[in-house]
Each structure stands twice: as C-alpha cells, then as structure tokens.
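Presented below are the structures under discussion, each in the form of structure tokens.
Each of the next two complexes has chain A plus one other chain: chain B in the first, chain C in the second.
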Partner chain A sequence: MATRHLFIELQTLNRRAKLKIIFAKFQCLCIIPALVGVDKKTCIQFCLCTFQEEMVIRPLYSGDIYASFQFRTQWDTDFLHDGKKVSHYRLFPKSLGQVLSKFSVRELHISFTQGYWRTMQWGQPFIPSPPGAELWVWFHHTVTDVDGNWKELTNVLSGIFCASLNFIDSTNTVEPSASFKPLGLGNATDHRFLRYATLPREIVCTENLTPWKKLLPCGSKAGLAVLMKSEKLFHSSFHSQAVHIRPVCKDWQCTSTAWELRQTLNVVFDLYTSGQGKKEWSLFKMFSRTLTEACPLASSSKIYVDVTDNPGGELFDLSPSSPLISTAVVLGDRRTYSVYDLTKKETFGQLRSLNLLLRWKGENDMLRPPLHAERYVSGFGLQKGEIHTCLYNSHPYRAYPVLLLDSLPWYLRLYVHTLTVTSKTRENKPSYIHYQPSKDRLRPHLLEMLVQLPPHSVTEVTVQFERALLKWTEYTPDPNHGFYIGSSVISALVPSIVAMDTNSTRDRPLFSSFFPTKEESSYFMRVYTEPLLVNLPTPDFSMPYNVICLTCTVVAVGYGSFYNLLTRTFQVDEPSAPLAKRLANIIRRLRGVPLL
Partner chain B sequence: ILLKPLIMKITRRGRNAALAIAAVVIVVGIPLWWKTTETYRAWLPFSQIGELDSLQLQLSVEVEVVFSRGTLIPELQKKVPLTETREQEHQVDAKTGLQYRYETKYRTATIMEDDALNQPTAQEADLSLHMLSESACGSVVVYIIPETSTLLPEGVTVYVGQRRTALLRTTVFQGRGGLKEVLSALHPLVKQVVDTMSFSHQDILASLSDRMRAGQISKESLADSMRAIKSSPGYEITFSLLNPDPKSHSLHWDIEGAVHSYIQPLLDKLTPIANFSVDSQILYYAVLGVNPRFDNSVSAYTLNADSLAHVINPVEARLGSNAASSNPVLNFLLYVPDARHSPLFIRDRSQKEVPSNAFHSPRWGGIMVYNVNDMYDSKAEFPVDIDISMAKVMGVFLAQLRLLLGVQKTQPPPGFLLQSPGSAGLADWELDRLLWSRSVENVATASTTITSLAQLLDQISNIVINDNIAQQVSSAVMSLHAALAELEVGDLALALQYSQEAILASEKAFFDPSLLHLLYFPDDQKFAIYIPLFLPMCVPIVLSLLKIGNEVRQRRADKLAKRD
Partner chain C sequence: MAKFLFVTICTVANLFAFLPVIHGNNFETKATQFFSSGHTNNWAVLVCTSRFWFNYRHVANVLSVYRSVKRLGIPDSHIVLMLADDMACNHRNPKPATVFSHKNMELNVYGDDVEVDYRGYEVTVENFLRVLTGRLPPSTPRSKRLLSDDRSNILIYLTGHGGNGFLKFQDSEEISNVELADAFEQMWQKRRYNELLFIIDTCQGASMYERFYSPNIMALASSQVGEDSLSHQPDLAIGVHLMDRYTFYLLEFLEDIHPASQANMNDLFKVCPKSQCVSTPGHRTDLFLRDPGSVLITDFFGSVRKVEITREAINLTNPTELPQDLTSLRNELKSEALFYVDQLPVADIIHQKPKQKDWHPPDGFILGLWSLILLVFFKTYGIKHLKHIF
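Then we have the complex of A and B:
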C-alpha cells in the first residue's frame, strides 16, 4: 500500500525533488527507475534495505511503566532460493546474515529475559518471552543434518550474544508438533525442521545487551537506541531483549520475499517505589537520557504513548502533547496512541530534545487479561512430586482451545498415567495429546496437548513425577539451589473484542504486526508460566574420597590380620618372673646383693 | 628337644608364607595395578618424527634455456640440446639444510618460436610463446634473443613476462671458446632470472623463519614473511565501509561489481593456495580511535604514523567476528571522515603525506581514508549522496591484499623489466614464487608442530594419546614426507597440497582437546588416594622381608663361625 501511495505522489510532484527525498529516506522502491529513468544498478544499490525504529510506552495500572522498543530491518534478498551466496551487507548485520546462510535457517527467534512478566498486573506484552533464554529455529527443508546444524548454530549464537547457549544440547531440545508455527512466510508443517530449547537458568545482563545493540545500524549512537543505558535498563522489574528473523513479503503483492530482522527490547520500570510513591515518569527518569534525533538511516522513527484510558486527560497529563493520534488494534483491543515522529524537527521543540513527561492524576481499574497461567510444584520429600499448571480463562462467555507445551528434563520421571485435566471440578479431556517420553541423558519429555478452556474458569493440569538420581558429575555447581525447569508455553487464538486487521501488508505500527493475524474474530496470544525450581536428592560431594579411604582401611585391616595369621609363629614362651621379683632383682644388683 | 624341630618348621612355614605373599604382590599385584591405572597412549612414529627434526630440504627447478636464431654460431648449435644439473647446498643451521637443484636444458628455438619472437613487442611475443606451449608449474623458460632484437627497449637486458617465460638479450657468442664457455658466461644471468622468477635463497630462508633464530634472515625478507598472513586452507576477506557521519554523507559503493572485476580474478588465480570468501558490510557511526590533528599549514586534518597503531583496536570491536568459519580474516576498511573532520590525510614518518592515503597492518588488513569533502560545496543539502569511486579504492586494496597474501614485491635487479600482471592481478611466475615459499613455510611449520607435539607427549607421561591423535600425527608425517619428495621432484602443485594436508593434520593433533584431559591430575593427589591402601599393605611385607633377610645373614654368619 505504501508503495502505491508513493507511486501516485510521484507523478504529481517534481520528479527530481521527490526522488531525492525518497532516496534520502532509504525507501525501497524499485519501480522508480522505470519511471524516471535512473539506471537499474543505482537503484539496487540504493534500496536493498529499510530500517524502522519504534518505541511504545504503556502506563501500567500498578504504577509501573512498560516501554517496548522495536527495530525492524528489512532486507530484500533471498539467499535460500537464489543458490548464489549473498555476502554484501548494508543495514543487515553481517554476523547474523552469515549465520542464516551458513545454517540454512528459515526462521530464528531468540530471547533473553530477566524477570517474569506478571500478566495479571501488567496485561499482555507485545512480544512474550519466558524467563532465561529461549531459542527456536525453523530450518530450511533442504537441510539434511538438522541436529548437527542446530548444535553448531547454538554454539555460534552463544558467541554472538555472549550467552551460554552452548549448553543447549539434545537433553533440553524438543521438536514441538503444534505450538511453534512459523511466523513468517511459508507454511512449513514438518516439525522435523523445528528445534526449540530454553535455558531458564540463564542470567541476562550487560554483556548480552552490548552485542544486541551492536546489531543495530546506528548502534547506540543515534535514534531511540541512545536510551539504552544498561545501568538503567537492568535496574527494572522486567527486562527482555529478543531477535526475530523471518522471511516476509517484499511488497503488497507478495511477488518476492525479503528477510525481516526484528530486534525488540521490553522493559518494565517500577517507578512507583523508586519515585517515593509519586506516580510520575519521564524519559529522563527512566533512561537518564532524552532524545535529540532519529537514527538517520531509519525510514520511520516513532514513539507511541498509550492514551486509550485517558481520552479527556482526567487520568494523567502527558507533556509535551502531540497533535498526532493514531489507533491500532493490538491484542484484540482498539487502542489509541499519541504519536511522536522523531524524523520531524518540530517534535523536539525549541530545546532540541524530547523528554516525555507523564503525571498521574487518578486511579483506574484494569481489564483482566483474557488468558493467563501459573504453575507450581507440590508434594513433599525428595522422591515424588506433582506439577500443577493452572490456566485461567477470564472471558465471560466464550470458550476457546489452547495448546499447552511442556518440556521437562529427563531427571523428572513423569508418570503420564497420572495426567489429569480438570476444569470446574469436572474432567476435561484434551482433544489432542502429543507425548514423547524422555530418554535418560539423551532427550527430555515433550508433552503437548490441546485443551478446551470453558468460559470464566480455571483449568488445572496435574502430573506426578519422580526425581531421578544423577551421576555426581551431572550436578550443577550449586546443586542445593535446585534445578530450573523451563516455563510451559500456552499458545491460543483468543476471541477478540474488536475486529482484527487481517491485511498483513498495511502500514501498521511495528508492535501490532508481529504475530500474523489470519481471521478477524480472534488473535494469537502466547503465555509463558513461571519456571520451576525443583530440588533433587543431592549427595555429599566429598563422598568418593571418603569411600576410597574407608574401603582401603577395611581392606588393609583384614589383610593385616590375615597376614599376621599366616606369617607369625606361635611358640610357648617360658613364663617370665613376676614384676615385683624383677624390680627386687634390679635393686639387689645395684646394692651388690646376690639375686633372688 | 622334641619342640625344637617343630618350632623350626613353624618359623619356616611363616617365612615361606611371607615370601609367597611378597611374590604374589610383586608378580600379580603391581603389574595389575600398573596396567589398570595406566593412561592410554597410542603408538606414535617417534623415530620418523625425530628424523623430521633435522630437516633436509631439496628444491628442484626445471629451467629451459632456448637459443633463438642468431644467438649461437652454427658449430655450437649442433652441440645442443644438452642437459646440465647444477646443485647448490646451504647448511642453514645444525638442524636445517637446503639443497637447490637447477636442471637446465639447453636447446635451440623451433621455427614457430622464432616466429613468435619476431613479434613487434615483447608483450605480444610473450603471449604467442605462451600459446605455443604451456610450461609446468614451477618451471622457468628463458629465451636468449640477439642483441639486435628490437623487442626490448634500450637498456633492458631481461624481460619477464606475465607467464613463466623471460627474454634475455645477449651479444652473439663468437666462435672463440666451446659451448662450455658460452654456457658459463650465460650462467650468472640465467641464475638471476631464475632467482627472480622462482625463489632466491633469502626467500626460502624467510619462509623457514619458524625454525630459525632471528638474525639469520635479512630484515626485508623477514618483514615480508611477517607481514604475510599465515598459511591456512582458507581466508575470509571482509571489506567494510566506515561511515561515521550518516547524517551528512549518504555513501554508496558498488562493492559487488568491484569485487567481481578487481578482486575475483586474483582470487581465482590463487585457488591452488587457498579458498577465499569475500564479504562486505557498511558500518555507521564507526570512528577511529584517535583524534586527528588539525594542521593549519595545509588546512587539513592529519594522522601521524605513530598514531596509526591506535586506530585499529576501537574499530575492530565494531567489525564483528566471523561467525561462519574459523579461517583467518583479512579486513579492508574504507574510512570516510565525517564532514567536520575532513579532509584527513595520513602522514608517514618523514611527515609527508602518503599518496594512497592508506596503510596496512601486518596479518590483519588495510585501512584507507577516502575524503569526500571536495565532492560537494558547503551549501549542499545534507545528507549528500556520494558515489565512491571503486577503481581508486580497489587499486589500493588490491596492492595491500597482494602484500598480505605474501606476493612479495620483487625488487628486480638492474636491467630487468617486469611486465605488470594485468587484469589477473598476478603473473604466473609470481604465483610460482608464492607456491615455493608457501610450500617451504608449510613444511617448516608442520615439522615444528609435529616435533614439538612429540616432545611434549614424550615429556609429560600423563597425557592420554587417543587413536585419533595418533592417526592425525602419522598422516601429518606421511604428508610431510610426500611434500618433501614432491619438492625434490619439482612438482610444485602437489608439494603445496601435501604440505597443506600436513599442516592441517598436525594442527588438528596439536590442538586436540583430548590431550588436556588427564594433564591436571597431579601425582600427589593420586598418591593421597592410594596411601590408605598401600601403606598398611606394604609395611608388613617390607618388614617381614627385612626380617627374613636378617635371619639369612645371621645364619650365614653362624655357619662361617662354625666352620672356623
């Protein structure tokens, strides 16, 4: 659509001047040369990539602030079909491009998260992610050795992102059959080419943020990325950074494909407690920076502030106010946003810097999210336990199915016969169950099921397990802390309140266009539960040496007596004189008196 | 009285039991313990590796000397063809010896060759000679042309073409003296040509720098060999355009086309040596690590030679590591200074501006500064679209790439004219030179790797040697022998291939992680575990053995006393 608009504009405006504007903005339009007679080569040079940046600020009802950054780079090339090696990079980062082409990756999603997203307090995030690291990859169908590629890919990615992704191996990798469908083009269904792994123990910090920022064309030198100061970002309740790569349509007709790289960073600031109870925030308070310019390479650079609940300004004051208002259908709801366009000079005002300021005036209730979930371990002792997963459907009258994915390590031995699904105290039989049992030290359990959630209900899924004994080298460095079990994943098509926008090519804000929508009546939602911390029976680690010493001593004592018995000779000894007599003899000898 | 033999019998039984237990411990126990706690060490060809420690290299070059019409008087012409072998031996140090063998064939030119030499220019003659016959890799053909020939310009005695042929102009040999005199008069010149076109002693010494102490090699060849990137089966070449100021400059470079037309021909030529992969990227807001100084006299910013060393490190953090392979990377950076800091010029040690405005860092890559400030005036609307002239840039990068790959800039002796390599970027004989030095270098590196590995394994007896490592070591040794044999025969392409295999196998063995497994299991800990078992078992055995020994000695002394 954007293409068409520009196309019309082109004919009305002075050709030369227009061309300059378009090129300056790095817009990708390969129709231009045909119209204005620029030779094809320069056009290809000019317009292989577009870059967009965006930030959404959503005031949360708990007094926290949710800030979500998205950076999108689109690269109009196709290195899977062409056969030729593409090796010249402009806006797209070279390290990721090399990874894509070397390992024949179709889609790659990786996220690093510190903290747990509290759905009940904060509502839905734009892009959900589980605590720790999560990686899921669709490989191209020409790949023959998927496991080998996966292993090597995780090693390379762990180098790129300075994370311990190299700990991903066959014991924590699964191939989900239904929960993770490709988000980009192509409807691959063969889950042999999909790999999914989480590392719930992974701790995310500055060393992961720096390489992530380095992938941006402007780095952290210009544009929205200047706000990313790690001392502020990591002083927050929730922090999540992600990289999503997928093939998308190049234009509205979808004649050819392009690669889309989305880098997202979500952060929730607890300004209520840190601001001494004052409900007031500004860009400077959150990031200790203000904005002065857009990234010069970006074709669009915008800040959206959610003002849906504040139509008349009775809830909060936002300054400076923006004349631009836009509405978007996000997560099944129509929201209104104040838009600040950073590519325009007037946004920055006279001070040449933008510092958004928001003061709360009233309180408001929050709409309960339609779906959320929680999980815990019950039971006592170190032998058996039970995992409870509770799925809450808060929709007042609609039932809908959800896909539940659980990937549990092999050292929790699941008793699948104890699997029960109950909602409203009645058994709720899943319509689809895919269970892959674990193999010790080789692969984890994979449990996927499709459960129908009745309206306004809690559905509880329980399964019992037994804790296995590990070999002494298999324990983590701090085994008494417990073992982390990754979040379970709930994917659902949730009934929408308003009609969803199914036109995937329309120019929409980035945060509303991540999950493709196929029908108007529902929208896709993914919820992650808490990771679990399970204690396993832990031995005393100095034991091997003690055992060696003890057995050696026992053997030595037994051997010693045996040896004595064999080699000693026993003879009848002449009884020696009693002690008193001997003493008396010594004294007599000293005195020179004859002995007794 | 009755008791005494009984007691004797019992003590003898005890003694026998003690001896039997000691025997069991020594014969069964100790070997069993030794065998079960032994580290696995596969067999290594130590003797062959020992031979490699003292390296005797023999290099053979085939030289063909062709007399064109009019350079030999008819009587002498009848005596050719003729073959002559000259050998030169150098003992480099106690462990390295070099032997060069020049197999020289003398013959007269065929009619077709004479025709080819009648072309108007040397270049055309070179081409038509090449069409007539293609000489093997590593060989040299020298055509002797008469003084009267107009092929060569005034003052030039030797012309080295793009292939493996050279033209040598001499006076017509008069009848005085036999062929022998003629050939010995010719020899120094031919030797010079061969030194230029295949290898000189200094080049080979520089290639052997791994095995030798400093001071034995001339400074220039050492600098050459240190500048060139180490031999490897593959290289990654990365071109990066650094744009520190995207707000003022919108830069466009046609890197695909430039690589295709300037770099690819050279790389195609170099395929026997290694695989190359080329990629490029544009980095925005990437700045140099030093602040250039403003020089009022030229109203430009300048970078001094001393500060160039500090330029690379901050930039390198932005370049990104190569994710897809572990081959060494050659970086070529094109830096376009920001609008406020241009123009920027690099100055050498004598404070003169470097004409190419570029410098290179050994074994790392090159950086070129490309000033764009004169491409727009101050009234221009920012950002300014700028097309970078790739011919200018690639000329510099190509020269740097040749240096970094070890294609030495040969300093021709006086009177030599070297034909520029043309579009291929590399003449055949230059490739031969590279092959010679690379083969020798690979052989030297692989042999030192293998010998030091063998030494290490010999010294530390705790290291486990897997079958895999043993196999790598023996294949490295075999490839090394094959490479040496091929060098002796003069088959350069095969020699390089074997030497590369040797280097790969030896490095694989040397850096195998399995070598580290038991290395850090120290003896004191081992014995701390064994002592609770060994001490209580050995003390009674040793004590009873001592006692038995004492008794035997006592009895012998008694016997002696009795006899006396």
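Then we have the complex of A and C:
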C-alpha cells in the first residue's frame, strides 16, 4: 500500500491537481453567499486575491522574437499589520509570504538573467535586468537592524531559488542614495532601508526555473506556464526570470494597499540557433508546446502580439488572426496589439489548441532607442586599467537627466581624482555626485552621479583604477578566468513620443504598468550595461609546493653533506679481493700458509 | 515493500505459534529484527567535486544517481545535491539544459525538475563536512541541511578525481580519508544516522574507505588502490566523455530496480565486474551489523513511507471566526490617498542633504594620536598648564 503511493502516475496527478484547482476556484465563488450558503465573513477571509497572466510576443527587427510572460497575483492583506498573523494562503505562495512578514520587507525585487540585452538590435525590454543575479530590497521603517535582516534574507532566498545568493555579503552590498526608489506605494524614502546587491557570475539553469514555476498558482500544469520548458528556454540569446513584490493600490480610490507579486520571464529566441535561419516563428517552434487552456484560477489570461509595424499585413502574417485589437502606451510609444483571450473557448478553435504562427514577408528598420549604454575596460597589463562608460542619447533635440550607479568591488582601487565626464568633447559637470570609497574586504565602491545628457550626443565617463593583489585563500578555484564586475545601472527619465497616462489605477495590460509614471511627457527607464571581466594578478598556486621541495632539497644536499663531513669519522676500507685471490686464500688457510 | 514485510512477519509468527508460548515471543522479536532494518526515513547526499567542462562525466554520474534516487521515492527535501560546476547551462554545451549519460543523447539525466542545493563555488570541503556533521550557520535554509536523525538511512555518493587517500575538490583542495572517517564518527556520536551506504567513484577509490571506524557503514568503491577508474564513452557531438564506467553500469542496474524490488546488496557488489570496468570494484562490510544479503537496495536508494491505518474518528474543529476588530478595520477607510513615489526626482536629488552618518566613537588610532600630542605638550611645557586648559 505504502509503495503504491510512491508510484503516482502523471495522469492521476494531473486529474487530482485539476480537481484541487477547480475546488479552489469554487471557493472563490463563495463571495456570493447566496449561491453556496456559507457565512459571508468567512468567505471574505478566503477570497481576496486575484491572479492574472499574460504574454507579449514582439517580433524583433533582426528576425529574433521576444516573448515576455507576466504573472500577477494581487492579495488584499497586510503582512505588517500588528497583531494579525496571516495563516491562510491561497494564490499567494506561502514561502514568500512568510519571508515578507518575518523580515519586514516592504519591497523585494530579485532577478536571474542569462545573457545580455542588446538594446541596439532588440530595442527596449519591458522589464530590464542585468546579467547574473540582482537583488534589491526596501525594508519597512520599523526595522532596527537592516544589515542583519538583509543577511538572513539572502540566505533564505538562496534556499528558495536554489541559487548561491548566500555569497551576497558586505563586500558586494551597497546602499544607493538616489537610485532605486521604491516602485510601490509609500511616501517614506529613507535610503537607509534600501539594500542593493548583484552577483554577475551567477548561473541560471533549470534548478532556478523549477522553484520559480512552483510559486505560480497553477504551477506549470495549466495556463501560460505550460510553455515553460527548460530545454527551449535556455537555448536562447537572453533569458531572464524575476520576482517583484510591492505594495500597490487596492482599488481606484487608492486609499489602502494590497500586495502585488509579479513573476516575469523574458526570453529572446535567436533566429539562427532556435529558428534554424527561417524567419518564421510559432509557439510550437519557440516552446515545443501549444496552449490548450487558461489557468482556471486566473481572472484574465491573454496573449498580446505586437502588430504596430504591420498595419496592412505587409511585414508579417499572423495566424490565427484575432478580432480583438487593443492599443497601449508602453515605453513612450503607442503600440497596437492583437489580443488572444485564453479564457474564451473560441480562441482555441477546432483543434482545441492555440499555436500562433508568424511568417515574415518583408524587411523593416528599427527606430533607434533613445538611451543606450556601453562599458568597457581599457589599458594593458595587470596593474592598471581604465573603465569607460559610454551613454548614447539619440534624441535629436531633447536633453534629459540620467542617474548612473556604479558599484565596483574593493580590489579595483579607483583613483577618483581621474574621474571625468565628457559630452561632445567638453566637460559635463554632474549636478549630483555621491561617492562612498571602499574599505578593503569590507565594502565596495559606490559612485552615483546625476548627469544631464545633451541631445544627440555621446557622454563618456572614465575613471582609472589599479588592481589589488588578493590573499591566497581569496582566489576562486579558477582565478585565471577573471573576476566579474557588476553592471552599471542607468536610471533615466526619457522623453516619450506620445503622452503617457499618469492615472495609475486604470486597468492596463501588465506590461505597460510596471514602472509608475508621474508626468506625461517622459517615462522612467532603466538600462544596464555589460558586466566587466577583469583579470587580477594571479599567483602561481603551485609555488608553495615548489618552494618546499627546493628548500628541502637544498637543505638535504648542502647542509647534510656539510654535517656529514664534520661529524663522521673516516676509515680506510679494504677492497674485497677478486674471486681467484679469495679461493687461493682459502686453500692457503687450509694449508696453514700465510695469506696473500 | 512494507506489505511484503508484513506478510512475512505474519507467516513467521504463525509458524512459531505452534511452538510453546514461552519461546513464541522471543522468536517473533528476533525474526522481526532480522527482517526489518529499523530505519524510518531516507536521506541522500550526492556530491560532484570537479570543475571545468572536461569533467562533464562527473556531473553526469551524480545526476544519474540523483535521478534513480528520486525515481525510487526519496523527495527533493531529503536530497542534498552538490554540483561543483554547471554543465547543463554551460556555454560549451551544444544542447543547453541537458546532461546526457548515454551517447547519441538517449537519456537526459538533468530532467525538468532538478533542485541543486550547493552549486559552483559553494561545493567545498568545509561545506561538505558541515552538511554531514550538521554544524551549519543558523541562517542556512532547510534545503541545504542534512536533517537526519538516528533512524535515518543515508546514502552518500562522491565522485571526482581522487588518489590514494584523498579526493580533490574543485581543483584547489582535498579531503583525506582520515577526515572523512572522523566526520562519520562525529555523525555516529551525534546519532545522525542509522545505517550509512558510502559509494565512491574515483581513481583509487578504495583508499577512501580504508579508515572508517564507526559502526553501521557499508562502503563501495569503483577501483582498488593503485588502479584508475576509467570513463565509459565519449559523445562526438558534445565532445567529452559522458559517464564513468562504474556509475554507468550502476545506473543500468538501478534502472531495473523499482520500489518494491527485493534485490539486495550482494547484487550491488556484483555490479561492473573487472571485464566491464577494467578496474576492480571493491566493498567493505565489516563495520555493518546486518548481513549484506538481507539488506535491500531500496533501504538506501528508495524511501520508506510509514503508513498507520487507524479506525478512530477525529472531530474537526469549526473554522475560527474572523475577530470583530479586524472586520471593522477593513471597513474603515484611511482618509488620505496614497501615491507612488517619483522614480527620478531630479530637483530633490540635487538638493539632497548629505546623509547623516551614524556617530562612531573615535577608534584607537585617533585616540592614540591625541594622547601622544597631549603627552608631548605637557612634557614640553609642564603640568602646571593643565589648569589653564581645563
């Protein structure tokens, strides 16, 4: 009996899981007490969370395709309310809820990225993220020991996401003074409660995707998460998964807060590796799966395909075509989307499965992105170097401010007196500089600058550094690979082409409502540069062994011989006689004659 | 498996029921002790200690044992998986997110729901010994701990590059057989295991279990002292050797085991004879109390689920009512509307006051400097000036 429980067949699990999901959904319906006849008070306790899922497909000009998934769970409760212990979790994952209440977290943003976002070929992403792992957290203002909470939080998250986040310590954590303002509701912005850390070396693989998928209400069994198969997702140019938790407005009046959990997954499939060179994309080609149903727990489940550049169908063919067209203002531009609603049965058609097909017919040019950044190390040798960060403003007549955040490890000793900011070969003085020097083995460098980028220009920020020699045990097992330096973060208010919508409570698709907008003429954007790989002077780790061998040999041969010469007595040793002489001596001894 | 045990115990008990009653109880307890293992839960610690792409086969070794152990029932929460390098999503891997064990890419041992607990630079000798002995820092999450008790059967599998008396971790440090034996003795003293099965697949692997001295340990190695463990087959598309011979045949053997299987340890000792493995696998059972022929493979590779059937009825309590004050709180509306923070408030940033630094008492250097200055001053000018200063 016990052994049979080990053999749970996949089909029965699916059926049982589906039954559980349907039962959970039915629980939600009990908000109308008349239908079920349950007490209204207990119903309200259960049904205060909603779940939405959506996917945006954006064909890119280079022939690649960009798919962005967003799963949003909104929960009307207050973790940090005194005296109430939250114990009933329905759609919101319990592991994250307990983490939030234990460490008094106000906002949590964690992302795992493999690959680098190529802004010049792909445009702007919906949710930007740097290569490796990035974690930034706003703690509640009641926390007394922020560093202690931060340390424990990173350890707990490393267990939840199967990542080595426990390597985040004081040597790579910074406290930005002006960047990374909270994305959620609130008015207290004391930056003492903010911590930011990045691990550029962190690898993202299936073991990070598995716990991420388990946080979704439907798991990977129903809805859009069915498409997430690791063999296809990691065979791509860019893969980024993130979890964003923040407090949002509960309703249009915005008088109380609700918790929002957004799980995002951005992936760019390459034309040549995944697409086999053909400019034809379909859901099956991208994910090796098609969609058959929406997640039963979702209140909305939609797919948006960007058809802005295809008004008459001359650029690409989209099939099956959808009657629903919607427009949204995203990234400063008004884009048109073909919408597929998965909660409606007719979207799936006769075959009861949805496989979107995009076939390219023509070529088109891409609009240059307004902000683009690059970073590289120049110089030669293993002693000195220079970091150059280039910021490109391609807007023809508007200038705008950008906030550059650089966090460099302590083993690159920066010469801050060599810091120069030049635009169009003239010096550009930043209006705000915050620099916190590093302390060896304790704290990294933190440099924050507010720079005004002139229109249609390149601004270059350069700073010279010297490489430090680390202690023997501080080198990684493969030190000749080099040491990674985290990406710079550039936060900017970029002028938008169309007027942005500042009403934050209107119902908008998820991908356009990530960053809150305050004014109509510009929108907020974050750009990450490449991480750097610098070689530090690496010692030869076999030298201690060589030294010991050489010293012992010299001591043994030199001193040993000298000691022998001084302390040994020497005697003349009779050489042994040849055989004939020995035989002759034996015969002579027998005869009694004197020996030879 | 439990069913079989129950039936056997029943028949044995019935058999002995015909004997005089005085002997009946003795034989029954002896029989049950003889057949059962006495463990209630299973744990597995699977470690790959090699870094770099050409050591792909060590990661494939560990993942194939992980796959078998998961298939036979041990859940992820009871498996501590340590991989020293990432092969699946390595940029050299022509098929990302896969690790193959058979050439022509037949079997992907990486799977779709793998959970690696220690990865990359975290796989060190110190972390390994801390996991075994349980002496981890308090903030370590549960998935990284070996929470075994005195009724746990633990499977420990190590693979990598080794030599006579040591195993190399990540090309930079080694663990010796003496350290390992001492770690197991610590586990025994703290009663962290009931029985332990130790499998090692490295060159000269038998040297690693020579020094064990704690009871209830059974050890298997892929080669004797002075012999090298060889790899099995390369795959031309991936470009490296995919598995080691011993683990390849071990995987083949384990694929035939299912949770109700009655195969015992003697079958495991026969895995990979010299004709297939080129090296001579060895084993050590002198520290183990039970006879290896009576130890089932699933005692270590599978998982025990104890099911107790009860006929009593339990009354469920009524769900707790929402306290009154909370519903009233929900009804009351906060008067002021909340708003989102401005993401880049340029004016505020430019006029930002410098951050108030917390006051720290002056450190030793400053105190020493000032005391030196004062000392020199009073030495030069005399102590009588003191009253003019203060």
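One rule holds in what follows: the second predicted complex is superposed on the first by the 493 of 596 C-alpha atoms of A that agree within 3 Å, B and C clash if a C-alpha of one lies under 4 Å from a C-alpha of the other, contacts with A are read in each partner's own complex, and residues count from 1 in each chain.
By our rule, contacts are C-beta pairs under 8 Å (C-beta built on N, C-alpha and C of every residue); 3 or more make two chains touch, one makes a residue touch a chain.
All of these numbers come straight from a predicted model, not from anything done at the bench.
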Comparing chain C with chain B, which touches more residues belonging to chain A? C
Of the two partner chains, chain B (first) and chain C (second), which one does A:98 touch, if any: first, second, both, or neither? first
Using the touch definition from the top, say if A:296 reaches chain B (first), chain C (second), both or neither. first
Which partner chains sit in contact with A:256 here, chain B, chain C, both or neither? Use first/second/both/neither. second
One more residue to check, A:566. First (chain B), second (chain C), both or neither? first
Between chain B (first) and chain C (second), which, if any, makes contact with A:555: first, second, both or neither? first
In the superposed arrangement, does A:207 touch chain B (first), chain C (second), both or neither? second
Tell me the contact category for A:217 with respect to chain B and chain C: first, second, both or neither. first
Per the contact definition in the header, classify A:537: touching chain B only (first), chain C only (second), both, or neither. neither
Considering only touches as defined above, state whether A:160 meets chain B (first), chain C (second), both or neither. both
Touching chain B in one complex and chain C in the other: list those residues of chain A. 41-42, 45, 156, 159-160
Which residues of chain C touch chain A in the complex? 1-3, 51-52, 72-73, 86, 88-89, 95-98, 110-117, 119-122, 137, 139-144, 170-172, 259-260, 302-307, 319, 321-322, 326-327, 330, 333-346, 349-350, 352, 355
Quick one: in the complex, what on chain A touches chain B? 20, 23-24, 41-42, 45-46, 85, 87-91, 93-96, 98-99, 101-102, 156, 159-160, 214, 217-219, 221-222, 293, 296-297, 545, 548-549, 552-553, 555-557, 559-560, 563-564, 566-572
Chain C-touching residues of chain A, taken from the complex the two chains share: 1-3, 5-7, 41-42, 44-45, 84, 114, 151-152, 155-156, 158-160, 162-164, 166-167, 177-178, 181-187, 189, 191-192, 201, 203-207, 210-211, 229-231, 233-235, 249, 253-257, 401, 403, 431-432, 450, 476-478, 491-493, 504, 515-516, 518, 524, 541
Which of the residues in chain B end up touching chain A in this complex? 3, 7, 10-11, 13-15, 17-18, 21, 238, 246-247, 250, 252-257, 277-282, 284-285, 318, 320-325, 383, 385, 529, 532-533, 535-537, 540-541, 544
